[in-house]
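Next, two complexes with chain A in common: one pairs it with chain B, the other with chain C.
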Partner chain A sequence: MSMSKLTLKVNHELFGGLLLIGIGAYAYYHGQQYAFGSLARMGPGFLPQVLSIVLCAMGGILAVTSQLKPSSAIDLQLGQVLVVAASMALFALLLRPAGLAPAAFVGVLVSSWADREITWPGRITLALVVATLSSLIFIAGLGMNMPLWWG
Partner chain B sequence: MINAEAFHAALSLLGNTPAAWLVVPPGLIIGLFFGSIPGLSISIAMAVFLPATLYMDFLPAILFLTAIFTGGGFGGAIPAIMLNIPGTSSSVATAFDGYPMARRGEHAQALGIGLVASVLGTLVGYLLLLFTVQSISQWVLRLGPTEMLVIAIWGVTLIAVLNDASISKGIAAGILGILISTIGYSDAGQMRGTFGSMYLLDGIPVIPALIGFFAASELFNLIGKRYIVDDSSLRVVSFRHILSGMSQAASKPFQLLRGGSMGAVIGAIPGVGASIANLAAYATAKQRSKEPETFGKGNPSGLIAAESANSSSEGGSMITLLALGIPGGAGTAVLLGAFALHNVTGGPRFIRENPDIVYALIIGNMAQAILLLMVGVGFIFLAGYIVKLSLKLMIPIVMVLAVVGSYAITGNMVGPITVVATGIIGWLMRRYGFPVAATVVGLLVGGMAEGELVRSMQISGGNLGFIADRPITLALLALLLLSVLPRVIGSVFKRRATPPPSPRTPS
Partner chain C sequence: MDVIANLGIGLQAALTPTMLWYCFIGVLLGTFIGVLPGIGPLAAISLLLPITYYIGPEVAIVMLAGVYYGAQYGGSTAAILLRLPGTASSAVACIDGNPMARNGRAGVALFITTIASFAGAITGLIILIFFSPYIAKLGLKFGSAEYFSLMLLGLVAACTFSDSPLKGGAMVVLGLLLSMIGTDVNTGVIRYTFGFSELSSGLSLVALAMGIFGVADIIRNINTIDTSRLNERFTMRSMLPNRDDWRLSLPSMARGSAIGSFFGTLPGTGASISSFMAYATEKKLAKNPQRFGKGAIEGVAAPEAANNASAQTAFVPTLTLGIPGDITMALILGALIIHGITPGPQLITSQPELFWGLIVSFIIGNILLVLFNIPMIGVWISLLKIPYRLLYPTILIFISVGVFSVSNSIFDIYTVIGIGILGYVLNMLRFDPAPLLLGFILGPLMEEHFRRALLLSRGSLDTFIDRPISLTILIITGLAVCFIIASSVRRRLRALRTAKESHAS
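After this line comes the complex of A and B, so read on.
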């Protein structure tokens, strides 16, 4: 399975500018439920609303200037990043129920998917080494409050 | 200049805290290790090891992190000299003359020169801090809420503006950080932006967010990158050559001092730091040299300038951090995170109430520099092997540290989830050219800035014209404009069509 197939090509300046406008507009809309107050007595909504407007302005500048410059596309290696992000989430989710050693083993095993060159024995060795080392450091060494194994 | 009483208290504090010494060698080695692997940065190391300080007192915690900082400073020089790949942006100028020396077969001498320059640079930076911290803190005590607000804005703006990204991207990144900091209870005791989730009552957990933005996002960035290293001749390192390099550097005290003092002063400016200090000191050394044409061809003076300046900027940036509570860069941002973890607020009040801790930090850091001299020599022997370690081996290690560390901080799944989420956001930001350091600094100082804003407007009764009666505020605002304006004008008049060639060589 080739991970490099899963790439996005977009004009990143325009995309980023529009995204900022979107975030700013949403934050402004959300911030309206908090009192704005006045300059002398600022409410909790003052700073978020003012900053959202500036954020929209920055997004607008980016979106406009993106059309003045030759566009350059960026390769997002989304597939590989998602594999590693998912392996981190999996590791974290397994930490409580399964214990540190199994969670680290599974997490490293899954994350090695992003590496196209590593062999199966290499994967398992790496996962075993990391699981052992982290158990030694965090539980035996630092005495952290988390289970080593399930049960 | 120096508060003698506090100085003695600091010495006895250091003497009675063996933990403060125990954590320094591992910190130096971690810093050397992460710094010397091309592609990893010091801020990754500091961020993923930040949760480990949960188990330490405040003084050992900060000394541990500054040891990583100091070790990483020299660690970055190793791949710069041996492979022409600056391990961090602060060793770009190190490669200019270090790599030509290595190509002549003088890599061991070059590493020896770099080590002595790093050690002396660190000492110069902290000496400056030692002599100025007392008077600076007395001056800072006179600053009111308006001045502190301008300084906070200055800190975020300089980090946002003084980098390769466009100005609007930098400002947007900084604002994003401040907006994230408004989530949770506000100063007025009202909940904001929690979206009804009880996990967000206390806001986004700052330290996991910092780990996500600095470490996880960089981790995602590293996937698929590879540094090709195939020169096996560089493994031969002899002790005699290291020593000859060290004495070569020690015989040029004036150049060491010049680079060191430039680095310390530049480092004290928020947002500038080591990545500019090494280039500025290199340029000065070349300009003042009698034989500028030999620079870039393996002149040891260039190496001395670059390494002494990037190391001394650490001490300089500590001035801003301790006196004002404002981080000047990624490394000090992590230190501010450690302050928060130990419920310590940096700033003039901290210096006034705990002068012994402040002096102990400074003396401890100077002792660290001396220790680096010994640890560094040993490390040089291993350097030839470590620079060739595959980045892929480091990915699972950073991953495990980030998840376990953030779990330890929050005690539940909120920490790791924050790391993964901010990691993906930070990765996207990096890919699209937004400076993540600005977001982190915005997140760290956002709460303080909002408090100062509300207070200064209360004092003035909402009248913006009152700043005309505050000369310090006006002076600070003028400084802020002066430091930002050249960059703004430059970007309006000559829009770069192509980005400058990257000194790194990812394939």
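After this line comes the complex of A and C, so read on.
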């Protein structure tokens, strides 16, 4: 199956810099609710606020100097991101109610979707093998505390 | 001789069946994931972290360390045969190793990398054995000010040699910020949990490491790794180097081992930097540098010796001072702290069996690795043919189970997904997220030492420069920062000039 892909012709340093400024600004804003204190008696907000400012400053330098470097294409594999995230989220949702074996089976069925070449029989075989293997290793072998099957 | 007595203690500790078994498993797994492109030692060690809760800390560290140095051996195999580095530190092996393979000398290249790896590892081990007790003695004089300065040096050193020091530095700061999540040890205030009670004990180290080195790399590697064009078959005879190969590669191995030992011992810098530096040095020293890139054997021997020497010497600061020698060591340090072992100057004297047993396990492990990599190379090459489409769904399930098992928390699986997406975006924006982990692990330690040092000095920052050891470390750190700024300004100016020239023409 063909995966959706987003190709951006952007300056990755500019985007990277802006991302850092965004994270830093948010961390600073959120960190203001914690007491700052003084050098001798630092409050819980001291380091978070200082680090947020440092991160913003680094992002700023990166964004400003980004113009010295040429833009290049970024291929964001959105389809692959979605499939991998969905397969893990399904595994997380199924693990407690359904047990390890069914959760692993469904997880592999979904995550194998991201590959271009795999066939349906191959996908089902792989899912069965991984479900069996993980049950053997984690529950029978290591005795981890999680259900194997419904109920 | 002290050394002999110490190694005797080590032999006794290491020659138990359990220790030997986990050493064997560690180097076997290390070679396996080293050979396979798309999964590196960081991902493998984070995958194994949950398992260490089920075995004791002593055997756990023997196994995790085996994965680390074992991966340095295996990493060059795919680099030589397929031009796909199995680990980040073996990327340099592609430059000359792959041309050698295309000239029909793949066997020789693989043989020399194994010998170089072994030579580098043994050099590193000798340094580890002889220097560690001295550094530990020095470490006993360290107070909080010295620890803070040394960790700062480690973080700066980790950025100095990366592609873009500014981007590396930003990742370190981001890692430090992420380490602020959870309960503040000094005041008990809960920070940055966004209402999730699961975050009050902090972001899970296992979730962070698996997100960045497991999930993010998998998203990027799907549909890009193709090992199907591999059809190598060779005999032992074709692997043996000729006299010229030996003459050229032996001095390179020696230089590579020295470079690797230096960068390995330095906190914060590790195998990848060592192998790049060793390659650059060989190219500079060569009589005709044009041979490089076309299958020069020195270009394979030196970097491989360097990354293995570095993998062993990285244990010096980790075990004697509790300051990670490189990013993988940061992860192993994190694992030790989880198990209640805080490495530091007292480790060698208070737990000599642990320290010397570990070292003897390294010696045994390296001998095993030579056996794995020369007579058994065919097995690894056939494993290399496992298609990535069968591997990654399996790894994703292992990641999910592993991260869940640490504290039976479904929430941590969602954390891995989030961190994985963040890691992928950072990758796409050409950030190397590895220093983030260094910042995350050192963050709480640095905050503690920084606060304690200032509490003792009643808020006077002079404490960091009044103490001679701390001052020396800070001066080195300052020099490193100046070096970073000077070299990146020069690089940017050069880029600007070439851009202008191409614009004018």
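FYI, the second predicted complex is superposed on the first by the 143 of 151 C-alpha atoms of A that agree within 3 Å, B and C clash if a C-alpha of one lies under 4 Å from a C-alpha of the other, contacts with A are read in each partner's own complex, and residues count from 1 in each chain.
We adopt the following convention: a contact is a pair of C-beta atoms (placed from the backbone, for glycine too) under 8 Å apart; a residue touches a chain by one contact, two chains touch by 3 or more.
Keep in mind it's a predicted model, so treat the numbers as computed, not measured.
Of the two partner chains placed by superposition, chain B and chain C are both touched by A:16.
Of the two partner chains placed by the overlay, neither chain B nor chain C lies in contact with A:147. When both complexes are overlaid on chain A, the residue A:80 reaches chain B and chain C alike.
Residues 12-13, 15-16, 20, 23, 27, 30-31, 34, 38-45, 47-48, 51-52, 54-55, 58-59, 61-62, 65, 68-70, 74, 76-77, 80-81, 84-85, 87-89, 91-92, 95-96, 100, 104, 107-108, 111-112, 114-115, 118, 126-127, 130, 134, 138, 142, 144, 146 of chain A lie in contact with chain B in one complex and with chain C in the other. Interface of chain C with chain A (complex): residues 51, 54, 166-167, 169-170, 173-174, 176-177, 180, 184, 186-187, 189, 191-192, 215, 218-220, 222-223, 388-390, 392-394, 396-401, 404-405, 408, 410, 413-414, 416-417, 420-421, 424-426, 428-431, 447, 450-451, 454-455, 458-461, 492, 495-496, 499.
Chain A makes touch with chain B in their complex at residues 12-13, 15-16, 20, 23, 27, 30-31, 34, 38-48, 51-52, 54-55, 58-59, 61-62, 65, 68-70, 74, 76-77, 80-81, 84-85, 87-89, 91-93, 95-96, 100, 104, 107-108, 111-112, 114-115, 118, 126-127, 130, 134, 138, 142, 144, 146.
Across the complex, chain A is touched by residues 52, 55, 166, 168-169, 171-172, 175-176, 178-179, 182, 186, 188, 190, 192-193, 216, 219-220, 223-224, 392-393, 395-397, 399-400, 402-404, 407-408, 413, 416-417, 419-420, 423-424, 427, 431-434, 450, 453-454, 457-458, 460-464, 495, 497 of chain B. Chain A contributes residues 3, 12-13, 15-16, 19-20, 23, 27, 30-31, 34-35, 38-45, 47-48, 51-52, 54-55, 58-59, 61-62, 65, 68-70, 74-77, 80-81, 84-85, 87-89, 91-92, 95-96, 100, 104, 107-108, 111-112, 114-118, 126-127, 130, 133-134, 138, 142-146 to its touches with chain C in the complex.
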